[in-house]
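To keep things simple, chains are lettered A, B, C and D as they appear, and every chain counts its residues starting from 1.
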Amino acid sequence: MIRYVSLALVLMGIWLLLSGHYDPLLISLGVVSVVVTVWIAARLNVVDHEGHPIHIVLRLLTYFPWLFWEIIKSNVDVARRVLSPSLPISPQVFSVPASQKTDVGRTIYANSITLTPGTVTIDVRGSQVEVHALTTESADGVKTGRMDARVTRFEGES
Amino acid sequence: MNLDSVIDILLLAFMAVIAIAIVRIRDLFGIAMLFSIFSLLSAGVFTVMDAADVAFTEAAVGAGISTILMLATLTRTARKEKPSNSKNPAVALIVVFVTGALLVFGTSDLPRFGDPQAPVHQHVAPRYIEESPKEIGIPNMVTSVLASYRGYDTLGETTVIFTAGIAVMALLGMRRSRRREDDEEID
Amino acid sequence: MYTAAGLAILITMVLAITRTLLGPTVYDRILAVNMFGTKTVLIIAVIAFMSGRTDLLDIALAYALINFIGIVAVLKFFEYGEFSRGGRGRP
Amino acid sequence: MMESVLDLLSWALIVIGGAFGIIGGVGIVRLPTFFTRIHAAGMAETMCVPPILLAMMLQSGWSLVTFKLAVILGFLFLTSPAASHALAKAALHGGVSPHDEDIGRS
């Protein structure tokens, strides 16, 4: 039930954000649209643990700053390699284990790998993530498993 | 030359380049993606020309929904275009050029872009601009014209689109269930 | 300021379209086109700011939302389209 | 005072974003194979779009526009890895080999 309420609140927020006009007629139109949308979502059975994962939103706040820092670091590295031909690239493919228990956790881990330039997730097979890396250094960065441990930690046992 | 016109020219040049790329490549998946970017670029051009509502529709329908429909179609057909077997491409070229020339010739009669003296701006437009917020109570003028002043028109259009949507769904759904039966026979 | 941003984005777009034309595989083209799309959203936002009509941002927003559906469609195409014969890639 | 600090920050962000965008563009042209180009494109996405949008957010102050930009930023941030992944997977299925030995080929 709390998921439905939070979905309705999020949708109402989006409506208010996009409309920018706050008179009774338009807001009541918004309320009607939100109610209909939530009803359809309920009928489709998509408001569940996976479709609307409110349980990890708070923990994401502690994860994002770390992720941003990683993204900036690896961006600078890739940029240097693009600009100066003397720095070698050594593209490679390898698999690393993903220790997350839920699909949401694994998705976040795979997307984090992709977001960090220099590494791209090609495929997720069971609990193995197949990664393409631009350089040996960026490959080693993933292989240390620090990101994996971070994602698992904030995923928690929910 | 200000940046606005630079952006204008570049966007149109990009559109031409992408159109040529669409003609040149044979992979239909790639073409679907290029079409989506083509629509997005036209949305950009509309944005530069201050036609926010048209750009909005173009971005949502042209770049979004039609790409999805094309992909849905592609899952039912082949991924590669057949090599063209037309004997005489010159005829097609001539037809295209004549049509294009006629269209360009036709524009010479049109009022200049954004001309306040143009006939469209003389008839009912002043009333829409001045009265519609009071008469209808919706801040967006385009919405009040479409949904109120020309409500029956819009109702008809919506019916057409709804019918088309149902027809597309029916076609796609039918093929899928037949294919599933095929699969079971093979397995 | 927006002029500088706009120019940088336009240069990036030119580079991306170079790759679109060069190929060699269709995936290279799509990659470049995808990058091009993101930059188009960005340039619409910059145009909106340059002309002071920030309501034009809604277009960029609409495309960002629609883009999400589009990518899911592409993924589905590759996951359950013609490549799914033989059960490959199914969960 | 506050104004000029904000302006300076916006300028810095726009320079960073523009520079990374162009470098990403150079990378997508210069790198040898498809799978290496994905990284350049990813770079243009993660380091070009957010700074420029952030700069515009700083310029627009506390208003609805800021929130709209934030939503655009959030959505692009969510979709860009999904897009990269979709492409990598598509290319893999389509027969582009991600292995080292193919560098000379394309």
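Things worth noting here:
Going forward, contacts are C-beta pairs under 8 Å (C-beta built on N, C-alpha and C of every residue); 3 or more make two chains touch, one makes a residue touch a chain.
Note that this is a predicted model, so its numbers are computed, not measured.
Set against the C-alpha centre of chain D, every other chain centre is closer than that of B.
Compared on C-beta pairs in contact, C-D and A-D come out with C-D as the pair having more. Here C is the chain whose Cα centre lies closest to the centre of all protein Cα atoms. Chain B and chain D have CA centres that are 27 Å apart. With centres taken as mean Cα positions, chain D sits 11 Å from chain C. Centre-to-centre, using mean CA coordinates, chain A is 32 Å away from chain B.
Centroids of chain A and chain D (each the mean of its C-alpha atoms) stand 16 Å apart.
In chain D, the residues touching two or more other chains are 24, 26, 38, 68, 71, 80, 82, 85, 89-90. Residue positions of chain A touching 2 or more other chains: 18, 20.
Among the residues of chain B, those touching two or more other chains are numbered 29.
Against chain A, the residues of chain D that register as touching in their complex are 20, 23-24, 26-27, 30-31, 33, 35-36, 38-40, 42-43, 46-47, 64, 67-68, 71, 77, 80-82, 84-85, 88-89, 92, 98-100, 103.
Note for the complex: chain C touches chain B at residues 3, 6-7, 10, 13-14, 17, 20-21, 26, 29-30, 33-34, 36-37, 40-41, 43-44, 47-48, 50-51, 53, 55-56, 58-59, 62-63, 66-67, 69-70, 73-74, 76-77, 80-82. If you check the complex, the residues on chain B that touch chain C are 3-4, 6-7, 10, 14, 17-18, 21, 25, 27, 29-30, 33-34, 36-37, 40-41, 43-44, 47-48, 50, 52, 55-56, 59-60, 63-65, 67-68, 71-72, 74-75, 79.
Looking at the complex, you find that chain C touches chain D at residues 1, 4-5, 7-9, 11-16, 18-19, 22, 24-28, 30-32, 34-35, 38-39, 41-42, 45-46, 49, 54, 57-58, 60-61, 64-65, 67-68, 71-72, 74-75, 78, 83, 89.
Considering their complex, residues 14, 17-18, 20, 71-72, 75, 78-79, 82-83, 89-93, 110-112, 114-123, 132, 134 of chain A touch chain D.
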